[in-house]
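Here come two complexes built around subunit A, the first alongside subunit B, the second alongside subunit C.
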Partner chain A sequence: MAASDVKFLVCLKQVPDSTVRVKVAADGKSIATDGITWSISPYDEYAIELALEHKDGDPSTTVSVVTVGPARSRDALRQALAMGCDDATLVIADDKAGGLDVAKAIAAIVKEAKPDLVLCGKQASDDDQGLVGPALAEALGWPHVGMLTKIAAAGDGVELWREIEGGHEVWSSTLAVVGLVHKSAKEPRYPSLPGIMKAKKKEIPEKDLAALGVTPGAPRAEVIAMEPPPQRGGGKILKADGDVKALAVELARLLHEEAKVL
Partner chain B sequence: MIPPTQGLWAIVLLVLTLGAAAVFGYRVLGLYRLLRLGRDEARIDHPWRRLRDELVVYLGQRKLIKRPYYIRGVGHALIFWGFLVITYGSADLFLRGIVGWQMPLTETVAYAWILDVFAVAVLAAVVIAWMRRAFVRPPRMHIVTEGYVILTLIGFLMLTLLTFEAAWFASAERDSLLNLGGDLFRTKTPAEMLASLVPPGAERTLFVGAWWAHVGTILAFAVYLPRTKHLHIVTTLFNVGFRKQTPRGALDLIDDIENKETFGAANIRDFSWKQLLDGYTCTECGRCSDNCPALATGKTLDPQKIVLDIRDQLLREGPKLLGDAKAETTAPAHWVETKPDELWACTTCAACVEACPVTIEHIDKIVDMRRSLTLMEGAAPPEAQRAMTNIERAGNPWGEPRETRGDWAQGLEIPTFAEKPDAEYLYFVGCAASYDRRNQRVARALAAILKSAGVSFAILGAAETCNGDPARRMGNEYLFQLQAQQNIETLNAAAVKKVITSCPHCFNTIANEYPQLGGNYEVVHALPLVKKLLDEKKITMTDGAAAEIVAYHDPCYLGRHNGIYDAPRDVLDAVPGVTRAEIAPHNRERGFCCGAGGGRMWMEEKMGQRVNHRRVDQLLATKSGATKVASGCPYCLIMLEEGVGAKGVQESIKPVDVLELVAARLETN
Partner chain C sequence: MRPEAGQTERELAGAVRDWSAELAPRIADAERQGALPADVIHDLGELGVLGMGIPESDGGLGASTVVFALVLEELAAAWPSLAVGVSVNSGIVAGSIVRHGTREQRARLLPRLMDGSGLGAFALTEATSGSDAASLRATAHRDGDGWVLNGRKQFITNAKYAPFVITFARVGAAEEQRPHAGVTAFIVPTDAPGVSLGPSEQKMGLRASDTSALVLEDAQVGADAVLGEIGRGFGIALAGLDGGRIGIAAQSIGIARAVIERAIAYARERRQFGTPIVEFEAIRFSLARARTDLDAARMLALRAAWLRDRGCPFTREASMAKLFASETAQRVTYQALQVFGGYGYMREYEVERYARDARATTLYEGTSEVQRMVIARSLVAA
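Then we have the complex of A and B:
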């Protein structure tokens, strides 16, 4: 990686906050969004944290953020700015824009901004598709590495640490590269109040898909129905009336016949 | 008593006095200028309460004579009152010595008596204080040479006083004194008794020598004083007079927060002049440290050290700042003395504030420094950040869904304000009782009591959000204000006038802090309300349950922060079959924190023993035979539950809320 002036672009998505109890909307194929709290998808937050940690070590680093989504996504970008990102771009698109269209839109932004590293969360916490990152790398013709937990400069390139079962794999790559982030060592930072105030005043330029040369194609996948998981029934409590042996027999019978685990 | 300052000697005394006064004045002025480096803060509200404090706390020594410091407190009071009497005499010595004016009533037997008695008492107290430092070191008291020097000076003052008095009595007739008080003072004064020891012929020499030694010591004392912790004899007068008169539980508001650029105390200039005055006033007695639950359980926090760190930094860096207002000072991340670990260990339990004899306000300083860490640097511990993010996003520190806040009330026919807009009371449930399964039982208990008593009440349901207490105490004033404004809007829109809380933290914040943001309600904690309902015979309990002993644990935000000690005990005493036990000596104003206040509930506790485990140790040590420990706070309940579990005594002693004991015995009609 160059000694200074490294440019990061972090792609983020605004999703329903993890504290929201999601309900299915009246149409039966989307979620009810009335009055819910939105936030940056958690893996994207880790991606921001990784980029900002690099900036902590080298202040010449710039960290830009971009999102493709409806107008409310501006709040997610403000949050990223409050955390310490330098600038943000909002690409206005329908909530239902497909992953490939989103990737194409970001690719157009990348060609303009010419970042050295593009970071995405490994997947968004709402639909869990994990499509945009790899699709973006494909659209750009860049290498991409997934499940990142650490980024370290190495010569002209970069060392990318990815989590595997029981340890880490270290990959090296030339720049530019797309990284899909799994986690950061530190929890994503809490914005300082001056950071929040500064973020409130920052201009966030808005673009639309057409201006980026993206014409939304016909959807390649369609949600047919959505339903909440079944209500969990209450557990069964066996009362011990002194006869422990009978109790054990009954427990074994239930495990065998009803739970079918024995 | 004619002073030995005839002719030229009066001029010598005048010159010496002026010289000492000049040095004293110069040093005090220096300290005053350093003090003015602090930010402005108005401390002139409630003048009558301030006057009362001067009489009770300063003159009356009220905060010195307290559990468990009665003997030491009386010792100090004797020195202090003696000082007042003797200072009156000193004024007489100087005035008469220089210009020949006499202070009223000093030429009376009564005054000689009082003066001598106090001189002997002070001498005795000084000897005891000296010995105590040398042989029975009080825990955590800073023993410095300075202390010995001052004690020796005071002792020498008393000896010289008694000597010249004795010498005077040896050569003069007591009849030359006005016999004020008649026969009351007929017997010999202590100095008069010593008069027979004065060698005949040496009366005059001894008188003159001791007189000058006495006067000289006073002047030396004045010169030395501003450099020492004994400056507290002067600063306490001001520190008491300018103490906070707002409720103890209320932290200061950061006004106009959206337009400020710096928040909290990042350097010495960010403390208010009063906070700096606290540093000058600290006597290093260590009572705050003695009572701190964090220090007692092996954390690095020491409240006395926090106060002294600020003083030391002011004395070290202040002079540089006086020359150049923009000079670099140590920033919090590089603080030489106070480390963030110390600041985050504070539970804001106010044991230190309660214990301080000179009304130092420790919590405000700690929170101001936390404000700097949280708001300026975003440097709160990760678990604290998680709690704050949860409050922001879900309206509760646990991150439970906003929409399910009112679910605890399902099936209980508890109306929301939307359903019952004319309800007399709002029950502000709070996050713990809304989401924590154990505390939901307390909310249900309170609802049952209120219904049984015919109290008209409603809840907000999902429209309620965290009152902001944890955020504010973690230093996140911005988040606190957002939460408070949101609740105030909701309450005002529902035209709420009266609020009940079952959580002392909700109570403290809504009652004492919401008025800062324009939210004025009549707020009552459930236990004083239940006490009132019992007095009015609106609650009847059945007698039938087996007799049990229940220990009462004082929640800090009911007790020390809001002075509610008796109502919970009265309620407990009214429960049929319950005998109350005290967790003495750690009860009432000396109650030991459960460890969860100040946002500590959501932070990890890795250093030393857990505060709640220590509390359970104290509970078990009383051997009261209690099978339950009752409190009036959801945090205390959670911490005590965890504590008895960890100690393996959950079968023999069960934590409960006082409300649950009442609800279990409600007469059902």
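Then we have the complex of A and C:
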């Protein structure tokens, strides 16, 4: 990776905030969105943080953000700018745009912006599909590395830390590359007050799918039903009124045979 | 919706609310130890909170007094001890230097109030001069180019964290007809020769906020230590207190809001006589009154802030806001505690901490009695 002027593009998605109590909408196949709070998807926030940590160490770094979504997604971009990202692009698309169309739209943005690294969260917290990142790498013909926790310059390329079961791997990659972020070293930063004021003054250009040469196809896979998890039944209480040893044996049996946790 | 504050102002306050929500697990320990963690003060610097009222040309955010009030409300709702430290640093101390400092003093001193390395302090009170502040006994004498200060300033918020203290001392003798004659504001670095701190006071509440004495024994400061003009210090103190009172009003509002939210949540959960206690009129009316007082207090504080932002006189309005908000905080914390019943008296439920913290608000930056004096004076003046 070049010693300076590294360009990051972070792809983010606006999703219902993790504190929202999600309810199924009347159509039975989407969630009710009236009055809910929207946020940047948590893994995307980690991706922003990783890019900004690189910028902290090397101020010549540029961090751009892009999202493909409805007009309200502008707030998520504004939040990323307030955290310290340099510029943002909003691609207007229907809420139900498929992952493949989103990836194609971002690929068109990437061809214009020519970043050295594209970072995505490894999956969005709303549908947990994890499709856009790999599809984007495929559309661009770029390598892609998942489960990232750290990025470091190494020669002309980058070293990429991946979390794996019980440890981590270090990969090297040529540039450009698509990285799917699992976590950043530090928790994503809060926007500073001056950051919020600066973000307000920045223009966020808006594009639509057609201008990027993307014609949304008919969905080939779609949600047909959505339902909340079943209500939890009451717990079981064992009476401690006699043989403690027998009680422990019975508890162990229930945990093994009924709860299946032992 | 809050029609009295704009979108940007609410967004800035919202950012502080998000940040301060993560403080909760640390508060009980810090209160027991009686200190604000250094990393929390550092983070407030990084977030730009400490420099919020300092003009952009001096490196700050240049935010309005309305923002200042809303941000302090958020900090106080999360942690009153932290809010009072910020109120003093970013309100009365920074404000006095912005208004009265020379270009050189602003460049030298303001960065230290916003970088999160400490919190500035303001030393007017003495053991024998509180509400009658003009009767202060600390003295300053010329010594070559500089000054030598002697005296003991009492109950100084942030003293332990302060890089410097705005300290009021008298140059020359007091005059019977002009009790504030000679009072001068000095910038006293806490590491200057002859400057020391007394032990931290053990307080009823706000225990993580430092309150110490500032001891001046032939303390030496340079010629550049004088803030404003020699003999005009009392005016600086009064002007600073006007703005500071908006901060204490906002702090009181944050405390009241925090306990009302907790009381409502508790009343919904707590069941007696087979029903959640929130169904009982005794509880509902108490909550209704508390919330009405809270909203009235906030309107008063924002009115004072709004007037100040427009360069209008706001002394009376700031005193009204401080008086009403602090008395509201005191009453409402006790009402909330009553909703919690016996649990409210226990440390685990935090309401007792807010109640102890609220007690200070009718005392500092002018007692309720002083506020009534200020308000009455402005009403009956010819």
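Criterion: the second predicted complex is superposed on the first by the 241 of 262 C-alpha atoms of A that agree within 3 Å, B and C clash if a C-alpha of one lies under 4 Å from a C-alpha of the other, contacts with A are read in each partner's own complex, and residues count from 1 in each chain.
Operating definition for what follows: a contact is a pair of C-beta atoms (placed from the backbone, for glycine too) under 8 Å apart; a residue touches a chain by one contact, two chains touch by 3 or more.
Just so we're clear, the structure is a prediction, and the values are computed from it rather than from any experiment.
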item: Three-chain arrangement built on subunit A, subunit B and subunit C clash or fit; value: clash
item: Which superposed partner A:I196 touches (first subunit B, second subunit C, both, neither); value: both
item: First, second, both or neither for A:S18, with subunit B first and subunit C second; value: first
item: Touching partner for A:T37 - first (subunit B), second (subunit C), both, neither; value: first
item: Subunit A: partner with more touched residues, subunit B or subunit C; value: B
item: Of the stretches 145-153, 469-477, 541-549 or 613-621 belonging to subunit B, the one that collides with subunit C; value: 469-477
item: Footprint overlap on subunit A, comparing subunit B with subunit C; value: 190-197
item: Residue numbers on subunit C that touch subunit A, as the complex places them; value: 8, 11-12, 15-16, 18-19, 46-49, 52, 61, 63
item: List of subunit A residues in touch with subunit C within their complex; value: 82, 190-197, 200
item: Residues on subunit B engaged by subunit A in the complex (per definition of touch); value: 257-258, 261, 263, 374-378, 380, 382, 385-386, 388-390, 393-394, 399-404, 478
item: Of subunit A, residues touching subunit B in the complex; value: 17-21, 37, 39, 186-187, 189-197
